[in-house]
Each structure stands twice: as C-alpha cells, then as structure tokens.
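Below are two complexes that have chain A in common, paired first with chain B and then with chain C.
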Partner chain A sequence: MSGLGNGRRVIGMRCRECGTEYPVQATHVCEMCFGPLDVVYDYDAIRKRISHRSIAAGPPSMWRYRDLLPLEDEVPVVTLGEGFTPLIHAERLGAELGLRNLYLKNDSMNPTNSFKDRVVSVAVSWARAHGFETIGCASTGNLANAVAAYSARAGLEAFVFIPSDLEPGKVVSTSVFEPNLIAVRGNYDQVNRLCSQLVETYPWAFCNINVRPFYAEGSKTLDFETAEQLGWRLPDEIVIPIASGCQFVKHRRAVGEMVDLGLVEAGSRLPALTGAQALGCAPVYNAWKEGTETVLPVKPNTIAKSIAIGSPSDGSYVIRIARETGGVVEAVTEEEIIDSIRLLARTEGIFTETAGGVTIGVLAKLARAGRWKGDEVVVAYVTGHGLKTADAVAAAPSPGRRFEIEPTLKSFKESVNI
Partner chain B sequence: MARRRVRLIFGRDLVTEPVIYHLGKNYEVVTNIRRADVTREEGWVLLEMTGEPDELDRGVTYLESRGVRVEPVEGDVVE
Partner chain C sequence: MATVRIPGPLRTLSQGEAAVQVEAGDLRGAIEQLESRFPGFRERVLDPSGNLRQFVNVYLNDEDVRFGGGLDVKLEPKDEVSIIPAVAGGRPLH
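On to the complex of A and B.
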C-alpha cells in the first residue's frame, strides 16, 4: 500500500525558535527555549508519492491529504467525514464588495459545525495511535463540541473543562456525547492555569496543549482543499480569523508545502494571508498597528467568544507571516460583526457564527477601503455555524421582513405588497 | 516538586526592577530564564519556575503584586 515503503512520513519534531530536534512525542514546548514545536516530515519521501491523482483517489474528506498529516498509513483514523467542505463562488456578496472572484470556504459544514473538527480529528487519531486513553480540552464551545464527539467516536474517555458560569444551553451540544464535563468555579484565567497544571500531572492527550503540534497540522487541509477546489491554484489572498493564531501559522506552512511539492505551478506566488480579529479582543491587531511583534495580552470583551483569546500563543508569528506574505491584520466592531453575519446570510444563504462575522466584517472593511482592484481571487474562511451563536442576531432581529396577518386572503393582500 | 513554564510581561516601569532576583531570594523557587526580549519600553521573559506547588503560587502572586503579568507559556488554551 504505502508508497513510502518502510519510510515514515513524520521523522520528528523541531523547535520553531531554536531548531532543536526531538523524537515524536506528546510535547508542545521546546525544553531548551520554550518555543513551540512543529512536526517534521520527510518531504523527499512524500514528494515521490503525492500527486493530484493520488489525492483524487483518496476519500472525499480531509484525509485525502493524509500524506501531509502526521499519521502513518497503518494508523486507523478517527473520522466523521470532516473537511472537503464547499468552496462557494460568492457572486452576490462579491458584487456588493466589488470582488468578481470572491470565494467562501464554508467550514460550518463540518460534522460538529466548525473548523475544529479538522484539528481534533488529527489530535484524537494521533492520541489513540500513541496509546492515550483519555482526551482533554478546555473550551467554551467549538473545541469542546469536537473533542466530545470525536472521543465518543473513538471510544476514548474525554475530560472537558468549562467555566462553571457557561450557560447550560451552550453545553448541550457537548454534553450529549457524554464526556466528563468539569465545570470549574473560577474565571477564565484560573481555568486556563489549571489546564497547564493538569497537562503536567495526568497522562492525557490535551488537544490544544501537549498534542498541539499534531492537532495544529489539521488546519492545513483548509488550504489544500481550497487550492484543489480552485483547480490546483492558490488564491491571491485569504482572510482568516485569529484566536490563538495556531491555524494562521499552519496556513502559511500549507501553501509553502503545495509550492515545494509541485502541487501548484512552480513559482506560484504565495497568497497574502490576512488576519481578522474582533476589536473587543484584538491583541494581534493592536501589535500589528503598533508595528511590533510583541503581542501584549488583553481582557476579552466581545460577542465573538470562539475567537476571544486574550493571550494568543502564536500572535507574533501571525504578524510576521502577514507581513511576509503581503497580508494585513484588521479588526471590526461588535456592530460590524452582527451586520456582517446578516450581510453574508442575505447575499449568500450562509448563516455563520460570530467568528464568521469577524472574518466577513474584515473582508468587507478591506474591500470598501479599496484594498482590491476587483479581479483578485480572494477567499474567506467561514469557520463556524450561525446556530452556535444564534442569540447574537436574535437580540436584534432582522429589520423589515415580518408581516402579521389574519388568516384571510384579504388580509394577506392588504398587508403584503406583491 | 512541580514546575511551571511562564511568560512574564513587564511594562515600562518594571524593566529595570530585579523581580526575578527577588523571586528566587524571597521564595523557595528555583528560576531559570529560557528566552527573553527586553527593550527600554517593555519586555518579556520565558521562565521556568521549580518548587513546591504552594510556593510557586506564592511566587506568582508576588510577581503579580509587582505589576508583572504572568501567563503560561502556551498562552490561553480555553478556546
């Protein structure tokens, strides 16, 4: 089966800061300099094997790009059919924004309705293959949903830590999978600190902590799919929501891999990678505006809860990559988030959560400010479904379109102008 | 014994104050700097702290009382 022969596609891990190499293990931080670790692949072996044909012969899920994911061939993966989500040519939204080649990657179509299914599918598969019996995470929403679902699918124990004041309604789509739900009496920072200590204490695979180097790799499949769906071409620019910045960094890696492995035309220009934040939690945007790579933590205060990370682990790398690729980091107000959720719904029939409102908000803001001429291929990553944060738009219902009538034809004719 | 890997963030006024020295001197905490970037304006230090858990907590409380922001090196993980 394996074109890699006896070779392995993953040959180790490497520190992003000092370059120290490590064998494959559940660790996220370099022992020497505390920098983040990345997975190292044997690209020479992968290059011999991967092609448009080999990919097309794979499953209609993100696992068609398995050659560039950190799971060896013999490992059974934990899958719910994540990825290969629609890439939609957004003609009506594009017309409003003066963009003829605007595309939306609708990642709300994933099994638990957010892009987290990509990363969690990789993390849980990796953890099970490496002997872990328990998966952990701390989350107020999307990550918890995905971890609970994929752990159930894998038959693994799950521990999901949440702040105890999280509204019960928000927890249903996680608790239905029956993980151990630990409601921590404490504020966000306290839950956060507890998790860092738990990782040091229990032999668990904490999705976005000790198995983060593997978890993060799953994000790359968004870019592989986008390129494949565009006929194996890279877009000119991608607009990406930023929380920890973890996926943003991996998007840079993915587009580089496609060029280096010849999956897109040699010499293809890398897309500009542009980051989107809510002004109510904009540590990366603040640093970008200041012209520094030092990202100072903030206290989040925004309806875009799924991307409200006050102390982003990968913030400085986001700034470096945005600059390197010719992208920018931009941020939008709460009002712009809600307006953008509505704009996307009205023009394209896609209902996104507040994080998607941030992405579309930044896209619209940049378009209106004249960033593009009109023919550029621009892609926005819509990363979560609107039903997750329906209250954000329910609080201020859409204007106009409601009529209340008597159950008679006459009343209908009188009330509704057709 | 336990260990914590933290990022200390200093504002303008603290850059010249020897807080890490005081931390090691006044608490049963062994400190080990792994990486740092300090300018005149601000700075951060990645620090390993080893000691008994309670003493580590006291050390962190001390740093915070001096106005130093103390974050786990992995940043926020509650997503």
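On to the complex of A and C.
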C-alpha cells in the first residue's frame, strides 16, 4: 500500500476563486467571497512516493489511488469495493458511430450501481474519521443510494433528502438501508437549498455540502482508472454527464495531476473534456451556446433526473474547462436519451440509466456530426445502471421483437418468423 | 418588516444573528440597511460593480431572485429573504 509515512498528504484547503487558505475542516465555502474550497495536497511529498508500481500494489478498488485522495494513511476507509470498474472497448457501438477506439467506463458496476460510490466512500470515511456521527445528503437519487449504503456499512446515522417525485426504483434501493428518508415536495435545487440551511443547524456531514471538498476528490479516481486501464495513457476525449459540474472540475484536476506527477508520459496532451446535458435541464449547454460563462438557472424538466440540477454550482468552471481542453458542451432531447439507452443496450449489452442515455446521446450526436476522424481514443463515462430508471424506458414503446404464444411448437412456428 | 436569513459565513458580521428584520422596499434597500447595521456586509454579498456576487444565491420566500427582479425585487412585510452560498445550492447571476 502506498503512503507517505509520517508525512501528510493534505496540507490545507484553498478558495478556488480568491485563494484564501484554510486549515482542513468540514466547510465548503470561502468566508471572504463564498467561492468553493478545494483540498490542497503536498504534491512534493506525493511525487516521491507514487508510481505505477505503488499503485499496482494497492487494492483492486479506487483506493489504489489513495495518495491522491484526501485521507491520511491511518484513517480506516469505509469501503464496499468501489471503483476499478470495467473499461470496455466498445467495438459495436464504435462501428455504428465511426469510432475505432471508443471505450466505455462502466461505472454502473459500482456497489450501489452508480459513480456516486466513489465520492461517498471518500466523504463517509472522512466524516467518520473527523468525529461525525450522522451523514446527510441532498440527492437526485444515486447519491441517496450511496449515502444510505455507506452509512449502514459505517454504522452511522443517515439523513437522506430527496425530491418526492423521484423514480420508485431509486427510493426502494435507498430505503432498504433504513436511513431517515426525507421526501421533500420540491425539485433538487429546493432540496439542496433546504439542506444548506440545515447544515448550519445540525452537526452533520452533508456529503455534497460541508464535506464537499473531500467528497468531490473521489471523482478523480475515474480518470486515474481510465488512464491505468489504457496502459497509462490519456484518452483524446472524455464525454462526461453534467449535473452540478463538480465531477467535471475534478476530472480536469485528475488529468493534470497525472501529467504533473509523471504517471503519464511527460508532455501528454490533456484529453478534451466534453460535457453532456439533457435539453430539459441544460443551463450549462445554454451558456456554452451563448458563448458566455454566466450560467443562468433553469427549472428542470427531464427524465434524466439524476443530473437535473437547474442551478449548477460549478457550471461556469465546466465551460472554462471545456474551452481550455478543446471539448464542447452538447445536449440531447428526451427522445434521444431513450434512443441512446437502447442503442447502448443493443450494441454493447450495457443497460444504463437516463443520465447514461444523455452521455451516449451526446457521444452519438457529436460522432454523427463528424467531430472525430475515427482513430481518436474517446471514452464515455457511463455513470449509473439502467434498473434505476427502468420506468423511463418501460414507458416508451420498445422496438424489440415480442411474441405471445401458446405453449406449443405449432404456435411458435406460426407466430414467430425466424 | 421582512426577515433576512443570514448564512454562517456572514454571521461574524451579524454578531451571530441568524435572522435579521429589515424595513426596506426592495432587496437592494435591504442590503443597504444591513450594511449600515453591519459594516462590510455589502461587499460580502455584492461585487464591486454592485451586482450579486458570483457565489451568492438569494431567495425571496421560495423563489430564486434570479427568476424575478434580481436586486430590484420588491419586499413585502412578511417576506423572508434567504442568502445562501451557491456552492451547495447552485450558481447565481453575475
């Protein structure tokens, strides 16, 4: 296991906007300008320790990248084996889209079937180590699943706040862990706002609020894994779903860290980071299209509820990063979301949720518009499992063949045209 | 009088008060009143050109003021104004 011996890998926190520095604490907002706080690492110390070999000697989970996560060696982590999900060479989908080197990072293979297990494993580990007894979150569903599961695993109390109209599948797979489930009559932005008031009243660790700087760091492991699984190479482009934009920002940090620490070849070009939204909730796409970094809020109206954040906290950073890396922000219709879920299932045998439909939809839209020549290494992050939003697909007519027959050979032969 | 809810990061200015009463016709007036009571308040909430800071969200009752009149939104006596850091709750107008 890699580690820093007596050294500390985290040396503080810093405001992303004004640079004010803070000691490590459960807070997410700069007192001076309200900007977001980021974890500051001692990269000089980490550089001396981290290598392909030290990583390979770690566990077959995202914790093999612990040197770049905000938990010191002595902290016991709360883990269900998250991360190190399959990176699949998508030859059949690639053939449809004219991409010979298309890869899918299938994060629906995580313990609670979404990307959120990465961030929550970090957040709950951090919170427990810092004396918190209750974990909270505002969630569009996937985070609720993960928080409920990891809190159960850690033996901590959980308060999970969700919009009351959430998909039934996500509610069942959260309530089974017996958290305090609070269904709020409002959309995600309203739920989040309530939680950001509660966090000032109750001594709880809200994953996406006061422990957000630590929580968000878990997102980076997606990129570390992708690079390692490609033989320590960075892809040319990554297509990423955009909700708050928080993970997008961390993907940029992760690829930069790999270059700076020599984990990928010196001088490697950063991947183009491309964002995907549903047109029914596309505040970042709207701003991108207008050519501005000013992201105006919208009222979400899409089946892709897990990414339906109308007022995305990191929206302008997404635009800046997409521009910097040569990526774009694109959006798809509700129909395209469903079509893309089916396309992925039909070609690659992967059933993704509506947010994955958004990602694949944007990938397909860009490919068909001629964005790539065909040999680029393009990776799409498939962040959640289709059973979470099965209702959305069930509600749309299926193009698949279905026959209802009598239990006889005759009936089969008469009905089914082989 | 309308009530303004003060977020944690600004309570050092409001001497720990979490909710403050203001007598103002609109949001801009409320912020000016808070500035006169708690010097330094304005610059924490507004940027140098007088707009809401990038990372501050303000809600009038349940509605984000960006969906309404922004700083010019009218206040009624029973209104509640909430100032909330945007990192958790989304992104405001420049």
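Simple rule for what comes next: the second predicted complex is superposed on the first by the 397 of 418 C-alpha atoms of A that agree within 3 Å, B and C clash if a C-alpha of one lies under 4 Å from a C-alpha of the other, contacts with A are read in each partner's own complex, and residues count from 1 in each chain.
Keep in mind that, in the parts below, a residue touches a chain if its C-beta (ideal position, glycine included) is under 8 Å from a C-beta of that chain, and two chains touch if they have at least 3 such contacts.
This is a predicted model, so every value here is computed, not measured.
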| item | value |
| --- | --- |
| Superposition on chain A - do chain B and chain C clash or fit | clash |
| Which superposed partner A:Ala243 touches (first chain B, second chain C, both, neither) | first |
| Partner chain(s) touched by A:Thr226 [first = chain B, second = chain C, both, neither] | neither |
| First, second, both or neither for A:Ser139, with chain B first and chain C second | first |
| Intersection of chain A interface sets (partners chain B, chain C) | 17, 28-29, 32-35, 138, 192-193, 195-197, 200, 206, 208-209, 212, 244, 294, 296-297, 309-315 |
| In the complex, chain C residues that touch chain A | 5, 7-9, 12, 18, 44, 53-57, 59, 62, 64, 66-67, 82, 84-91, 93-94 |
| Chain C-touching residues of chain A, taken from the complex the two chains share | 17, 28-36, 138, 189-190, 192-193, 195-197, 199-200, 206, 208-209, 212, 244, 283, 294-297, 309-316 |
| Interface residues, chain B side, partner chain A - complex | 2-5, 9, 34-35, 37, 42, 44, 46, 48, 69, 71-79 |
| In the complex with chain B, residue positions of chain A that touch it | 17, 28-29, 32-35, 116, 137-143, 161, 163, 188, 191-193, 195-197, 200, 206, 208-209, 212, 243-244, 294, 296-297, 306, 309-315 |
